[in-house]
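Scrolling down, you'll hit the structures one after another.
Two complexes follow with chain A in common, the first pairing it with chain B and the second with chain C.
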Partner chain A sequence: MRNVAVLTLAGLREALRDRLLYSLLGLGAILLCVLALVAPLTLGARDKTFHDAALAWIHVSAMLAMLVMGAWNLHRERERGIWLSVLTRPVSRQEFLLGRLSGLLGVLGLVIGAAALIYLLIGWATGVPLLPGLAVGLLYVFLEMSLLAGLVLLFSTFTGFAMTLFLALAVFAAGHLSADLLRFAALTESGFLRALALGAHWLLPHLELYRVRNSLVGGSTPAPDAVLAALGYTLLYFTALVGAAAAVFARREIR
Partner chain B sequence: MARSLALAALSLVLLAFAQLGQPAPLIRQQEMRRPLEAVMLGSEALLADYYWFDLLQYFGGYRLGQHDLAEFNPRVERLLRLDPSFHRATLFAAVVRATDMQDPQGALRWLAWAERANPDEWIYPYEQGFFQYLWLENYQEAKAAFQRAGRCAGAPPAWRHFAARISELGGDPAVAREMWLQVADTAEHPRVREAALENVRRLEAILLEHSQERLTASPPSTS
Partner chain C sequence: MTDGALLSVQDLAKSYRLGLRRRQSVLRGLSLTVGRGEVYGLLGRNGAGKTTTFRLLTGLARPEAGEIHILGGRPGDRDVHLRLGYCPENPQFPPNLTVRELMRFHGALVASRLVTARNRVDWLAAQFDLSDVSRREIRQLSRGTLQRVALALALLSRPELLILDEPLTALDPLQRQRVIDILLEQKRAGTGMIVSSHILTELETLADRLGVLKDGRIGREIAVGAAGAAPVAMDIRIPFEKSKEARLDAPDLEGVREGETAAFRGLPFERAQTLLQRWSALGIPILELAERRELPADEILASIADEPVPAGAPSRVREKEPA
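After this line comes the complex of A and B, so read on.
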């Protein structure tokens, strides 16, 4: 476990040196300040537009952090031979993978936490009331993006930077649109296509489970059983992704 | 490697069991989305906010006499389909449709749609009560709408008063005056408040006329 902790800390330190993190946070802060300034133009919908923009910004920042920082850092470590130098020490491949993964999750928590803090500060300074259920909204963003982190990790074990980025983004987008596959399966007359669409639907992550931001701003918080279902689903899917990544990584030749 | 594969396989099997055990897929069944909405990846409300700004600009153009309101309804429906819980937009659009466009039936359809999408919100049936009473003079529907609003948490206590007054004096200008006063008290936009107060003055004139008619009507002679 000590190895995993060391690798996690190294991943966090690497992220803190990345300018992308500060750019994302700075851009979001500017956006929220501008929104607070143009409040009279919203004709009474200031709070809603502020919360919508803040939650969307947190979501996009977390997604970009996982996609770009996650994929890029893993790729850069491999290119610089860091993987090899770490694995020649008494560190197993599973430990290495877990360390990188927990580093990614740490970065995710850091991005979401910092963005939420900026959001709360600007909201407090401009008199926007606190969004009820904000903690649940942030938890859902964390859960959704942890699946993206798992996807980035899985793809980075067998492809390069560009392909990791493309595949993770493609699966992420498809995961949000997987309901359309059900509709396609219901519409098509071909049995093969129906089976294919249903198979893809069950295999893709059901990211629509994490669509709670609109209802939170609308005033309704997800029920506790829905939160538990989302937690359980994330845990199982995440474990499957990590297991697959570990299986691929165990066979990978590292030079 | 075997352990990792076993772990992945076990998780997938558990996921499959969990999903097959559901009476319906875990994901929500939603209407087919347009491409722009689909790529928002769960942040459609942000697009709805943009449509809200666009709607306000469009209405501003109409108020300045630059164009008519021909494109108003499609803009509102695009916005409400994307974010059915956008209360401010729904109420604003309903008022504009009932007043500037002289189409209270259309405004009621939007409010009824919003009520179906947000069954716990009192504001939609409450507003329908006003629209039914003040524009359509449909007193039974107005009373039913106020009673539906009363069943939602947080409804203002005035619904009881209105429902009772409609039962007692349906169609009486005094009830309409009270409703317009309520509209004026709660209006956030000066134009809405001004229009409501104008109606209050008009109804007060009618009420004064009625009372003068009663006074001038000669009492039956006792001699």
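After this line comes the complex of A and C, so read on.
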């Protein structure tokens, strides 16, 4: 575990010096400021609009951080041979992957934390009241995006940057539709299609579990058992993704 | 495994996939050994398989056939990696870390082999003249500095075996000599090395044996300084405290301080003989004496080339440049 911690710290330190991180947060701060100024035009729905847009922005920032910083950095490190110097140290490939993943999750936590801070500051400066259940909303963003980080890691172990991006986005988008697959399986008369839809439903991540933004903005917070279920599901799916990534990476030759 | 060998490779084979059906065979029965304190120079044309060999030795790739015994274990073993130093060709590191952060990061990964990783990092930074750039980020470094960082990292865990892929590339002549001196010091301390280079003079200074990699195997092995060739130069080492006395009659003599000793390298053979006689008369102890013999460059070129090269002939016939 010591090696994983060393790799995580190095990954985090490097990410903190990445200009992309600050560009992402800076752009978001500008957008939120503009939104705070324009929100009163919504006639009575100012607070709701602001919270809705801010949560959406946090979601998008976290997603971009995972896709661009995660997938691009992993791709760049592999293509340039940066991995060689670490993999010839007494570090197992599993430790290496876990270290990279923990670094990515650390970056994710930082991005969500910094974006939330900007949101709170702008909200405070413009007199928008604090959103009840904000912490739960942020936790859901973290859980959903950690699955995206797992997908990025898995795909980057066997394919290039563009393909990783495409596959991660495709699975991510399909994951939001996995409930529809269940409905389709119930409706279809073809046994083959039903089996296919059911298989895809269980294979894809159930990302609709994390869709709580509308209810949060509407004033209702998810029940504790729903939060626990989301946590448990994330842990299970995430472990499966990391296991698959480790299995692929262990067989891979490093050029 | 050969007794006492740090590295023993037997009948190694490796090929790469080219497209869906074609495969390119890179290694076809490579065998070699490296002993303690021995430097094995690997020569060969571009694409001969030198880097592939190193990737197999470090466990980054797997052989299709053959056996590798390295430091009493297998490539990729944790204990083997702890006692191994590797400097890749064209080294790359995380661009946003500073040199010091990078070295400490690697120091933390091999900390179990070091008494204090921080002291080792600082010492190596001084040895490789990196102290001035230690706060600079990797992306700001020149190619030569990056190469020195890679060499310092290779020596970080006090390795018993060094695998060096073109280690002197991009270094200026002074840095090159400095690195050669450091590597020779490692060799004297018992570290085995396998080094690839395209520059014969470098290997001539460092290596005990040269293997010419051709057609996927060692086509020819040459013992550097083997009988048959006349000695052309000598390396002499004396106690540092005696160096002033030694240079009384030879003020132009240039040497390098290495700890408590002074080393005079590449002295022309005739002059070295004269100096040895004089120093013997003065009672100056000779700590080390090594002869350098001229490498049979023509023979080596012929071994590397696809077609025979006649002795003394230019390596390539120049065609007239079109108008």
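The criterion applied here is as follows: the second predicted complex is superposed on the first by the 254 of 255 C-alpha atoms of A that agree within 3 Å, B and C clash if a C-alpha of one lies under 4 Å from a C-alpha of the other, contacts with A are read in each partner's own complex, and residues count from 1 in each chain.
Assume a contact is a pair of C-beta atoms (placed from the backbone, for glycine too) under 8 Å apart; a residue touches a chain by one contact, two chains touch by 3 or more.
Nothing here was measured: the structure is a model prediction, and the numbers come from that model.
A.B. asks: Is chain A touched at more residues by chain B or by chain C?
C.D. replies: Touching more residues of chain A than the other partner does is B.
A.B. asks: Quick check for you: in the superposed arrangement, does A:G218 touch first (chain B), second (chain C), both or neither?
C.D. replies: first
A.B. asks: Answer with first, second, both or neither: which of chain B and chain C does A:Y233 touch in the superposed model?
C.D. replies: A:Y233 sits against chain B, while chain C stays out of touch.
A.B. asks: Should A:S23 be classified as contacting the first partner (chain B), the second (chain C), both, or neither?
C.D. replies: After superposing on A, A:S23 lies clear of both chain B and chain C.
A.B. asks: In the superposed arrangement, does A:L84 touch chain B (first), chain C (second), both or neither?
C.D. replies: second
A.B. asks: Mind sorting out which residues of chain A both chain B and chain C touch, each in its own complex?
C.D. replies: Shared contact residues on chain A: none.
A.B. asks: Considering the complex alone, what residue numbers of chain A touch chain B?
C.D. replies: Against chain B, the touching part of chain A is residues 41-45, 48-49, 52-53, 55-56, 59-60, 63, 94, 172-173, 176-180, 182-183, 201-202, 206-211, 213-215, 217-220, 229, 232-233, 236-237, 239-247, 250-251.
A.B. asks: Mind listing the chain B positions that touch chain A in their complex?
C.D. replies: Touching chain A: residues 1, 4-12, 14-16, 18-19, 25-30, 32-33, 38-39, 41-46, 48-49, 52-53, 56, 83, 85-86, 88-89, 92, 118, 120-121, 188-189 of chain B.
A.B. asks: Spell out the residues on chain C that touch chain A in their complex, using ranges where they run on.
C.D. replies: 55, 58-62, 78-79, 81-82, 84, 86, 88, 90-97, 101, 105-106, 108-110, 112, 137, 150, 153
A.B. asks: Could you pull out which chain A residues touch chain C in their complex?
C.D. replies: Within the complex, chain A contacts chain C at residues 2-3, 6, 9-10, 13-14, 17-18, 77, 80-82, 84-92, 253-255.
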